[in-house]
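Next come two complexes, and both contain subunit A; in the first it sits with subunit B, in the second with subunit C.
What follows is the complex of A and B.
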């Protein structure tokens, strides 16, 4: 506690520190929210400037940007179906349908409150348990367990956003297939590249996500305008009530736990957290069919989890020197710029500095709550901008976002290709969320699968010799079996009713 | 008899066509996997294993779709489609008109144009044209929104954070380069 108070005092007794805190908070929100501007852009742009700041201010700035930026991407995902970053993609699955139903204020309210809860709990756990938990997580979660987590998550995806199980599975498998294009993860053997140098590097998921969400949405709404069936989103600033939050308490706790443990895994933290948490929300829901159509739990789960991952990502970073993602890797650079090597000794050598980082992330998570409540009342008014004005703006932003990634025009073509494909898939009741989940989790899954099989002597049954993977793989298989049983029963019941109707119809 | 007719709805016919297309694509993809199916020194299943598992899944799911398409009409008759929240579009909304085609085609022309002529020169024309296509008719609104939005983009992405933007080809590449130099 004393360390935390000292860290807070170091942060807020200096006007420059307060100014940098506020700048980081707003900078993260804006850069996290707008496609084409990412947290990494801001972090990279600020890196040279951070050399001019004191070590405390520089580290605090990056901690605050990380926390606020992960939340920022939820705003555009909810209002315009444009996830600001990959870890906000599942938020769009239900956040945007809530906006279409006139519940944008509630969706943002859920997102902001749960981001704050996830971030704050994560920051507290980070302060309490950095060293012992980092040690446990790194030992207990190897490729075998991570693959089991991915498999477990994928098994519920097929039921999201479609009424047909077969189409849900085909959507998921399409996503998995798109993730396969390019070099294989072991030896970079080109697959399905058709001799194209562009495809050899694999399809990047940022243009695909922008295409499947933003461009598809413009096409769908554009066609509705052309056919006279367009219904503008209703503007509502109603904030969720306490009862609505209370009803989702289990989801918040579950997502915090999932987000926190996923955040510990280097390289895949917040993204895996958001997707797995969404999948588990579907799995444990009494009404899984409402997901993808504006279920508040579909906003709460990923937003709690991706923010819960932020504090957890600091643990392997600080305790072991393992970055959880690109932004945490840049943070290593910030430490280095100020003459410190990150790793197990950092808690001793730069004790005060680490506590400044912990305190800044804790206060940033709380600040999101207050900022977000104000924002929820104001930012939904963006929906008053008519669609004909928003549509070209969305397409231009998406174009910049896709191109800026690698300065490659083929990424823009890929994005529009995904947009057209997404339009036709939505028209035929395929699930865009399942495609995106397949793409993201498939790329992670194949990578760890190849490592896991080497460790398991290429014997699939060995997955059941490790307790964590045995439970997760077994649970995944049970989910698949249950879904097949449920849908088969439903089809047979429908067919039975039809036969009865036909049999009793006079004159047939 | 009426219910029997519903089973043969356009939706079930479409599902059948889709299932056949999926199966054809899966078989084609499976054949392509033989180009890279050798074992790898560090992974004996080889590079083709994971794609083949995915393709097998597609074949099974497409088969299920084909069989279940005989039930689709009945299921759709029971479902109430809410246009605002469901991904499926009603037949009315799915009607293709010249305007619909333009809504698709203009963004694709825009991408080709920024590739050839450059982002800075083409974007204001696209903003103006797409808004007009979608029904904005007031010239003051058209010009004010185009100038305001384009100005903000140039300020943020070109002037402040040096985001790479397509510069076009040939003569336009150097022209855009000079423009960017002037702005920065």
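What follows is the complex of A and C.
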């Protein structure tokens, strides 16, 4: 506690420190919210300038940007179906349908409150036991266990956002297929590249996500306008009630735990947290069919988890020098700029500095709660902008976002290609969330699968010789079997009734 | 996820600010007309916590100060260092995208895994790291300790107790794979090699006890060694490293008469980049390499066991030599070699 108070005092007794804290908070929110200008962009832009700050201010700035930026991407995901970054993509699955139903204020309210809860709990756990938790995580989870987590997550994806299990599986397989285009992760063997240099480099997440979400949505709404069936999103500033939060308490706790553990895994971080948490929300829900159609739990789960992952990602970074994601890797650079090698000794060598970081992340998590409440009441009014003005703006922002990634026009074409494909897929009740889940989790899964198979002597059954992977793979297989059984039963019941009806038609 | 290019407006402000404050002090290097006017990106082909990233980070600041524009890093790991090449191939030869690559590139060219001949198709700016390798165990791995100190004989006994028993945390890069093959042949064991693209996962697998041993360069893991999380158990070198005199070495302690393959890292631009830009960048990075800040990094990371700097001309010779060396080694090991080599 004394360390935390000291960190807080160092943080807030200096006007410059307060100014940097506020700058980081708003900077993260703004850059996190705009596609193509992710929190990583801001972090990279500020890196050389951080050398001019004191070490405390520089580290604190990055801690605050991390927390607020991960939340910031939820706003555009909810309001316009444009996830600010990959870890906010699952938020759009239900956040945007809530907006269409006139519940934008509630969706933002859930997102902000749960981000704050996830981030704060995570920060507290980070402060309590960085070193032992890091040791536990790294000893318990290797490639075998991470693959099992991914497999377990993928098994529920097929049921999201579509009424047809077959179409759900086809969508998931399409996502997995898109993920394997390009050089394979171990030997760079080109797959499905058709001799194209662009495809050899692999399809990037960002243009695909912008295409499947933002561009598809513009096309869908445009078609509705053309056919006279367009209904503008209703503007509502209603904040969720305490009872509504209380009803989702289990989801919040579960997502905090999932986000926390995923955040601990080196090299994976918040993206896995958000996707796995969403999948588990679907798995444990009494009404899984409501996901993808505006279920508040679909907002709560990923937003709690991706923020819970922020504090957790600091643990392997600080205790072991192993970054959990891109932003934590940039933080290594910040420490280096100030003459410190981040890693196990940092807790001893820069004790005060580490506590400034802990305190800044804790206070930033609380601050986004208050900022978010104001946002929930104010920012939803953007929905009042008429669609003929908003649609081109969305397309322009998306185009800039896709192009800015690596200044390659082919990324823009990919985005529009995904937009057109998404438009037709939605018309035919295929699942966009399943495609995106397959794409993201598939790439993570393929990497760890290639490592796990070597460790397990290329024998898939050996996954069942390790307790964690045995439980997760077994659970995943059981989920698939249960889904097939459930859908078969409902299919047979439907056709059974039809047969019965046919059998008793008049005249029989 | 990756670091995205920042928008032009912010880039412009950053460039102007840096240029106004710092550049005048370092004006002796002649700048080409209208270059650089925007940030420069160094594309590297490995993960963000390993030696490649560290070496770029160490040059990033000094180079940025000299040029007056920001120098970004962009990581594209995977495929043993080859998955980044299509991205590099799609960039124009204008000096705004610099490729950082390692000995893997000439080696994979020699193996026929890529058609990019680094000695012909790239213009070297410098080689900034040259380093030998060693083997590391988990710091508290009692199986391989004697009186609390790492004992390679115990590792050997374990490795020889069964084929594939010893699990190595490695990367799909010929230097590491060939080195392991040579060690396996010399010591008489067969290890299981698990290949990672990201250094954090590669180190984590050994620190977490999922795998037994790590092949790496001393500087890249120095912080883990200092903290006791990893411990050096064998130096792959004709003599013991001065920085680790208690650690046995392949030459003096185990009679391995072999000239070890070295890890080198260099910066390159595309062939066809305007000559004045290439010359300018070569001068900039030489100056950045020699700054006090960067020299401290070289010392801290033990990158002075072998002289690390190679001029552009020497870097070209190094690449040509590496292609010939790896072609010879692959032939000796009975592996595939590019026709004509």
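The rule is simple: the second predicted complex is superposed on the first by the 506 of 508 C-alpha atoms of A that agree within 3 Å, B and C clash if a C-alpha of one lies under 4 Å from a C-alpha of the other, contacts with A are read in each partner's own complex, and residues count from 1 in each chain.
Assume a residue touches a chain if its C-beta (ideal position, glycine included) is under 8 Å from a C-beta of that chain, and two chains touch if they have at least 3 such contacts.
In this text the structure is predicted, and so the values were computed from the model without any measurement.
K.L.:
Once the structures are superposed on A, label A:454 by its partner contacts, choosing first (subunit B), second (subunit C), both or neither.
P.N.:
It touches subunit B and subunit C both.
K.L.:
Quick one: is A:177 in contact with subunit B, with subunit C, with both, or with neither? Answer first, second, both or neither.
P.N.:
first
K.L.:
Output check: A:332 vs subunit B and subunit C. Expected answer is one of first, second, both, neither. What do you get?
P.N.:
Only subunit C is touched by A:332; subunit B is not.
K.L.:
Is A:243 touching anything from subunit B or subunit C once the two structures are fitted on A? First, second, both or neither.
P.N.:
After superposing on A, A:243 lies clear of both subunit B and subunit C.
K.L.:
Would you check which partner chain A:392 touches, where first means subunit B only, second means subunit C only, and both and neither mean what they say?
P.N.:
After superposition on chain A, A:392 lies in contact with subunit B alone.
K.L.:
Would you check which partner chain A:407 touches, where first means subunit B only, second means subunit C only, and both and neither mean what they say?
P.N.:
both
K.L.:
Once the shared chain is lined up, is A:286 touching subunit B (first), subunit C (second), both, or neither of them?
P.N.:
Neither partner.
K.L.:
Just to be sure I read the superposition right, which of the two partners does A:51 touch: subunit B = first, subunit C = second, or both, or neither?
P.N.:
A:51 sits against subunit C, while subunit B stays out of touch.
K.L.:
Please indicate which partner A:186 is in contact with in the superposed arrangement: first for subunit B, second for subunit C, both, or neither.
P.N.:
Touch status of A:186: both partners.
K.L.:
Do subunit B and subunit C land on any of the same subunit A residues, and which?
P.N.:
36-37, 41, 45, 184, 186-187, 189, 400, 404, 407, 450, 454
K.L.:
Taking the touch rule as given, give the residues of subunit B at its contact with subunit A in the complex, in rising order.
P.N.:
Subunit B reaches subunit A through residues 1-4, 7, 14-15, 18, 22, 29, 32-33, 36, 40-45, 47-48, 50-51, 54-55, 57-58, 61-62, 64-65, 68, 71-72, 74-75, 78-79, 82-90, 92-95, 97, 99-100, 103-104, 107-108, 110-111, 114-115, 119, 123, 126-127, 130-131, 134-136, 141, 145, 149, 153, 156-157, 161, 163-166.
K.L.:
Under the definition above, what is the set of subunit C residues touching subunit A in their complex?
P.N.:
It is residues 1-7, 10-11, 14, 17-18, 47-49, 53-54, 57-58, 60-61, 64, 70, 72-76, 78-80, 82-84, 86-87, 89-91, 113-114, 164, 167, 172, 192-198, 200-201, 203-205, 207-211, 222-224, 226-229, 300 of subunit C that touch subunit A.
K.L.:
So in the complex, the part of subunit A that touches subunit B is made up of which residues?
P.N.:
Against subunit B, the touching part of subunit A is residues 36-37, 41, 45, 97, 100-101, 161-167, 169-170, 173-174, 176-177, 180, 184, 186-187, 189-192, 215, 218-220, 222-227, 229, 231, 292-294, 386-389, 391-393, 395-396, 399-400, 403-404, 407, 409, 412-413, 416, 419-420, 423, 426-432, 442, 446, 449-450, 453-454, 458, 491, 494-495, 498, 501-502, 505, 507-508.
K.L.:
Taking the touch rule as given, give the residues of subunit A at its contact with subunit C in the complex, in rising order.
P.N.:
Contacts found on subunit A: 36-38, 40-41, 43-45, 48-49, 51, 85-86, 137-144, 182-189, 197-198, 200-202, 205-206, 266-267, 269, 271, 316, 320-326, 329-330, 332-333, 336-337, 341-345, 400, 404-408, 410, 447, 450-451, 454-455, 457.
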